[in-house]
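One chain, chain A, appears in both complexes that follow, with chain B as partner in the first and chain C in the second.
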Partner chain A sequence: MKHVAKLAAAAALGALMGSTALAEGLYTPNLAYRTGPFAATGIPLMNGQADYMAMLNARDGGIGGVMVDFEECETGYSTEKGVECYEKTKGKAIVTQPWSTGITLQVLPKTNVDEIPILAPGYGFSPMADGKVFQWAFNAPLSYWDGASIILKFLQDQGDLSGKKVAFLHLDHPFGKEPLPYLETKAEALGFELLPIPVGLKEMQNQSAQWLQIRRERPDYVIMWGWGAMNAGAITEAVKTKFPMENMLGVWWSGHDADLDIVGEEGKGYKSVSWSFPNPDAPVMADVKQHVIDAGKSQASADELDGVFYSRGLVISAILAEGIHVAQEHFDKAEISPSDLRWGLENLDMSEARLDELGLTGMVPPFSTSCSNHAGHSGGWILEWDGAKFVKASDLIMPDSEAISELELSRAKEYAEANAPWPVNEDCKM
Partner chain B sequence: MLYRTAGQFKTSYQADQALFPVRQDAVLLGVVLLFAWVIFPLTASEFAFQTLLIPILIYSLAALGLNLLTGYAGQLSLGTAAFMGVGAYACYKLVTLMPWLNPVVAILFSGAFSAGVGVAFGIPSLRIKGFYLAIATLAAQFFLVWLFEKWGWLYNYNASGAIQVPNLEMFGVYVAGPQASSVVQYFVVLAVVTLMTLVCINLTRGNLGRSWKATRDMDIAAELIGINLMRSKLTAFAVSSYVVGVAGALFVFMWRGAAEPNLFDIPLSFRILFIAIIGGLGSILGNYLGAILIVGLPVLLNTLPEALGLPISSATVEHLNIMIVGSLIVFFLIIEPHGLARLWALIREKLIIWPFPH
Partner chain C sequence: MLNEIFIKPFVDMVEAPDFLMQVLWEGLVSGILYALIALGFVLIYRSSRIFNFAQGIMVVFAALTLVGLHAMGVPAWICVVLTLGVMFVLAVTIERVVLRPLVGQPDIILFMATIGITLFLIGFGEIIFGGENKVMITEQLGIPTDSVLLEPWGGLLILEQKDITAVAVAALLVVALLVFLNKTRMGRAIRALGDDHQAALSVGISLQTIWVLVWFIAGIIALVTGIAWGARAGVSFALEVIAYKALPVLMLGGLESITGAIVGGLMIGMLEKLFEIYWGQPLLGGNTETWFAFVLALIVLLFRPQGLFGERIIERV
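What follows is the complex of A and B.
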């Protein structure tokens, strides 16, 4: 009986402390997926995100003197759970981090009504970059179309693309189909033959049919838009069919260290575009190590820390923290509202100097956003697998903004028309 | 005590065959309806609408549709999700081709397409039974999801391949799309579900329902007493697919707001089949109880640690949740293999004769 009473008292105390901790602070929920089929790729990202915020709380006492209440809501990458989490957190959240293209598509139309910014760094719907139409959605530092453009530019540097054959191996899912409109327009302009090869969700682990097609068609390059189990499936299959690895390029979600570890040496030459890069010497890594990892507050394992995905998690949280910081400065208050944060995310200026100040040297390309440009179009690096880890294989490559923005504007307009009445930011004159 | 039936005399055949021969049943239903129609809408939060009330109603309706086919007519089906998809895509095409159409009419009409597809895939049931039929309906599942992916016209050639619900107005109020408020959507769902339930209760008690039950219990005997098996089976497929299709349209238009083809894949079919089995095959009430257990309980369990102030990480809660719900399913099936509806029937019988055990 005594035990029960003690437990009850502890629980009551916990509840009290829990509620006081929630009462103040910047509530930034993350719709995480540490369970389910995509957990392997999700865990390092989530750890990176959580660790950066924990570091800010431990080192600086939060942002602008207010603690960050960074809470995870588990979705298992399921859209249904994601919507449940969104509804649960939207009451006091200043931001939504949906973490899947499916959840983003679901939440996107609600943003105008709920007025909470969506932060989807490097994923989601590419036309979200048009800030006039998608007032509440941000995909900084760059969109999938930027990614596709960087890959094409890199390939053009290798030689003229006209007359070449490029296979586009993608997940048959909104995420995988995302770059198709851009690649199609480019295929026409540059004169290469685009060969879209979809991989169904059920075929992710067994892509023998797709690779048979690739072997028959003999494309010069394979561009891969894969996620989760599809990456490992494609890479092992490519090794098995002896496809020249140096001609295979993936999007940033296909550049997961663990997927390449399986093939090791044989994966040498595989490339992936990325807007983040692990820099073990960056000051932020030392801070995270000192305040979070050595203090035992992190869930991350030691070998995760140097990976591309962990550092990408750090960068994502850094973008959010910077948005909060900018908003706090501008509105001159520490406890900001969702619409204040929207202003902050619209006025990010991640210059080289600011990145050094934040300790993120070399971890993300510099970029800036505005009310009309919610993506920043930062550009990215091509990373190459050297048999043991990813190394930079190119300088910073900038996307072809002209072609992209044209496509963005037309697609954003289409979306707004299909979802009329859709409020557009009239004040934005840029 | 509360359920004492003493003194309730039936003086006419009509009274004896009424929907609720026992007065307390009618009162209980009245209370449930009062909660559903008045008290919940007045008190529920946005979270409760979006994660509990609306999904439970929609899943119940889908399970009800499946239950007509599997529980009443004895035709095992694994294609429920695909038929829901037909309803959803039909509704999407209807409202985008004819924007002036009343959304509720569109939802009710989209069930007709699903019924047609259901009949087509029900034809094998005339020759095969049981597990073999389940495999044949599985073909519907694979084929239709493939069709939703490949046939661009269905999703108006959207680049993402997903359908997105536009804002739809009815009498000056938004009922679907991002602008619609949850309480309005709840009322639309509740009205459709109430109507469908009423129709289904009466169908299963009538001539058609009796021929379904005869087909289920022994098809040769049914044929011998003059039931046209083809008619009985195909009407079961048609009515079931109609209800499932309407549930699918509600699923996307009144709740999800957007859908991609793989949403309608096998896991959803299984989920609805589990609701129907755990709720109780061959019952109407069971679908609601099953949906509360399978759809509602995990949501409530998820919020529990936070409400109690227990510092458990969200991922751990998710793992615990799966374990608890899984063991509850096993527990309920052990204590009552015929489902929750049967469990309730036993409780009710005990209550009627209480306090005497016999």
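What follows is the complex of A and C.
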């Protein structure tokens, strides 16, 4: 009897604690990767994300008066651990941030059942941009196909691509293969030869075979889709094989200052497409410094703060915070549900004016989303390594929306058919 | 297709001999480093029958300690000495805390213990040094970073001076280890333990001392490997993955054979590069290095289960 009484008391306490936890804040778990082979890329991004939320909590008391409960679950960029983290955190989460294309692909069908939005800014499965089919997934402000399109447009500005050879050096992983369908389509349309060169996870730091192939094939350009240790491995090999750095361009995850520090001056001319840019003078930076850095609440090192990736982490959390804010305003309540947040993320209007209001001036291009457009297709800048840091090497370049949209719709349809019955958003009439 | 498999690769080799030399050179550099890592495994296995799963993370830990100390303002060569000191302390700690209490336990328990050491070192290393990519102190150590450009047969052969240094240092270390194992009392004691554990103990060889010694040697190997690989693409936890490349070397060469580790490492380094360039990339879409070495080792194991140089052990049942 005593045991039963104890159990009842424990259950009552548990229920009380559970309800308190729900009222404690907006639970926004982040499936982080601060360990393992990809940690070098992950750490500044995660720091930026965490610091932005910590700043909102300290400066504004959270969002709409509710504190943000920003918790990390470490995946080491492993898909298996990522799925475990998703399952562990989904109970009270209003969003999931999977942080790997592999994990995103695994949790994509689950979020339809659990009805939790996936926020994957600038990563994940590109057709997620089709909000009618992928109603719970968001890759705003732009997708990998947008990124590939911006790179090709930049190269076309340098000269006709017809008859040229373009090597596509990529991680042999769902992330690395993601832009291939778009690049293959464009290779045929623009008349260039596409040479895919995969890099295995165990070969990231020893890419001599891949660069021997590049030396033998003599491509005009190398487009790199690298993550983590692959970036530094490729850039050092490019320097070693005397490949002209100005003809090498990477995706936004291949534009990390620390990767280029390894080659320093020799990496001069290397480029990377980016949908974010550090602006030390932006008001948000002053607020983060005052409320988080100076208060000793940040894990970021001093030299990380002006880097591209830390700044991108801030922007990613700002997108999530804006989605929460939009949902709170629309539904006129502070404690929002995952489905409310989905509405918020579908109605983002990150105009120049709104970005200024948020203190994010110049840190991300303006974009907006809708129920049919979950990517925003913001456009991006080409950044260039000047030997010590990344500088802007182009104005904002918009992706080739027409070609991408066509491909997105057809691939999204294929995915839905292959995973039938796949629920689509019938209410979206856009 | 037959032409692509049996004729074209060899025609390509003959038509561009400078490129073939470059491929072989890159294979040699990788191979000697694989051999070095494999030696770390072999030494520990020979003396204690422990398959040291922690060899990879020891490479990372040694390299991180070196660059971490330098970041604190310690001169480069003093950092090397201090790092060796840290690796010695690590060897003593592992022997005292992990291995000694497990003496006499089945091999699998000791193997699991090394997985525990790996997980501990990952966490400990990340707490102390952080997970960011760091620049190896190549120039501060006096390692030249320029390239030597040769023009054999009117072509081009690029030899990185740091690769030449890595090959030379690794070769010297291998020779030094062979001399140590064959010509010194301690070296013979290690071999004696490998040959017959009980007999070695009965003649007064101290298991504890030998275990500390082999783990320390594995630490030295880890430091040299860490410097060589770190100079190529920075120092990060991704270096740990490279140690797994030594597994097929061990399968091929034999887990107990020092000669096997060296020959196996060089064979795999060069053959996987040749296969990738002349067959893998043109016919299979590339990235064959991920599996080639394992397939090669598997084929060898079909005919020689003990590896090329391993001992044939017949156990009575």
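Quick note on the criterion: the second predicted complex is superposed on the first by the 407 of 430 C-alpha atoms of A that agree within 3 Å, B and C clash if a C-alpha of one lies under 4 Å from a C-alpha of the other, contacts with A are read in each partner's own complex, and residues count from 1 in each chain.
Throughout what follows, a residue touches a chain if its C-beta (ideal position, glycine included) is under 8 Å from a C-beta of that chain, and two chains touch if they have at least 3 such contacts.
In this text the structure is predicted, and so the values were computed from the model without any measurement.
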Checklist entry - Just from the overlay, do chain B and chain C fit on chain A, or is there a clash? => result clash
Checklist entry - Which partner does A:D259 reach: the first (chain B), the second (chain C), both, or neither? => result second
Item to check | Touching partner for A:V83 - first (chain B), second (chain C), both, neither | outcome: first
Item to check | Which superposed partner A:Q213 touches (first chain B, second chain C, both, neither) | outcome: second
Next on the checklist: Just to be sure I read the superposition right, which of the two partners does A:A353 touch: chain B = first, chain C = second, or both, or neither?
Outcome noted: neither
Checklist entry - Just chain B (first), just chain C (second), both, or neither: which does A:A32 touch? => result first
Next on the checklist: Let me test your reading of the model: by the given contact rule, A:G233 touches which partner, first (chain B), second (chain C), both or neither?
Outcome noted: second
Checklist entry - Taking the superposition as given, does A:A388 touch the first partner, chain B, the second, chain C, both, or neither? => result neither
Checklist entry - Of the two partner chains, chain B (first) and chain C (second), which one does A:L180 touch, if any: first, second, both, or neither? => result first
Checklist entry - Just chain B (first), just chain C (second), both, or neither: which does A:L201 touch? => result both
Checklist entry - For chain A, which residues belong to both interfaces, chain B and chain C? => result 34-35, 172, 200-201
Next on the checklist: Give the list of chain C residues in touch with chain A in this complex.
Outcome noted: 16, 19, 22-23, 26, 29-30, 122, 126, 130-133, 135, 147, 158, 160, 229, 232-234, 236-242, 244-245, 273, 276-277, 280-281, 285-287, 289-290
Next on the checklist: Residue numbers of chain A touching chain C in their complex, please.
Outcome noted: 34-40, 42-44, 172, 196-206, 208-210, 212-213, 215-216, 228-229, 232-233, 236-237, 240-242, 258-259, 261-262, 301
Checklist entry - Mind pulling up the chain A residues that touch chain B in the complex? => result 11-12, 14-19, 32, 34-35, 71-74, 76, 79-80, 83-84, 87-88, 90-91, 101-102, 105-106, 109-110, 112-113, 125, 172-174, 177-178, 180-181, 200-201, 411, 418-421
Checklist outcome for this item: Seen from chain B, its contact residues with chain A in the complex are 46-47, 50-51, 55, 149, 159-162, 164-167, 177-179, 256-258, 260, 262-263, 265, 299, 302-303, 306, 308-311, 313-315, 317-319
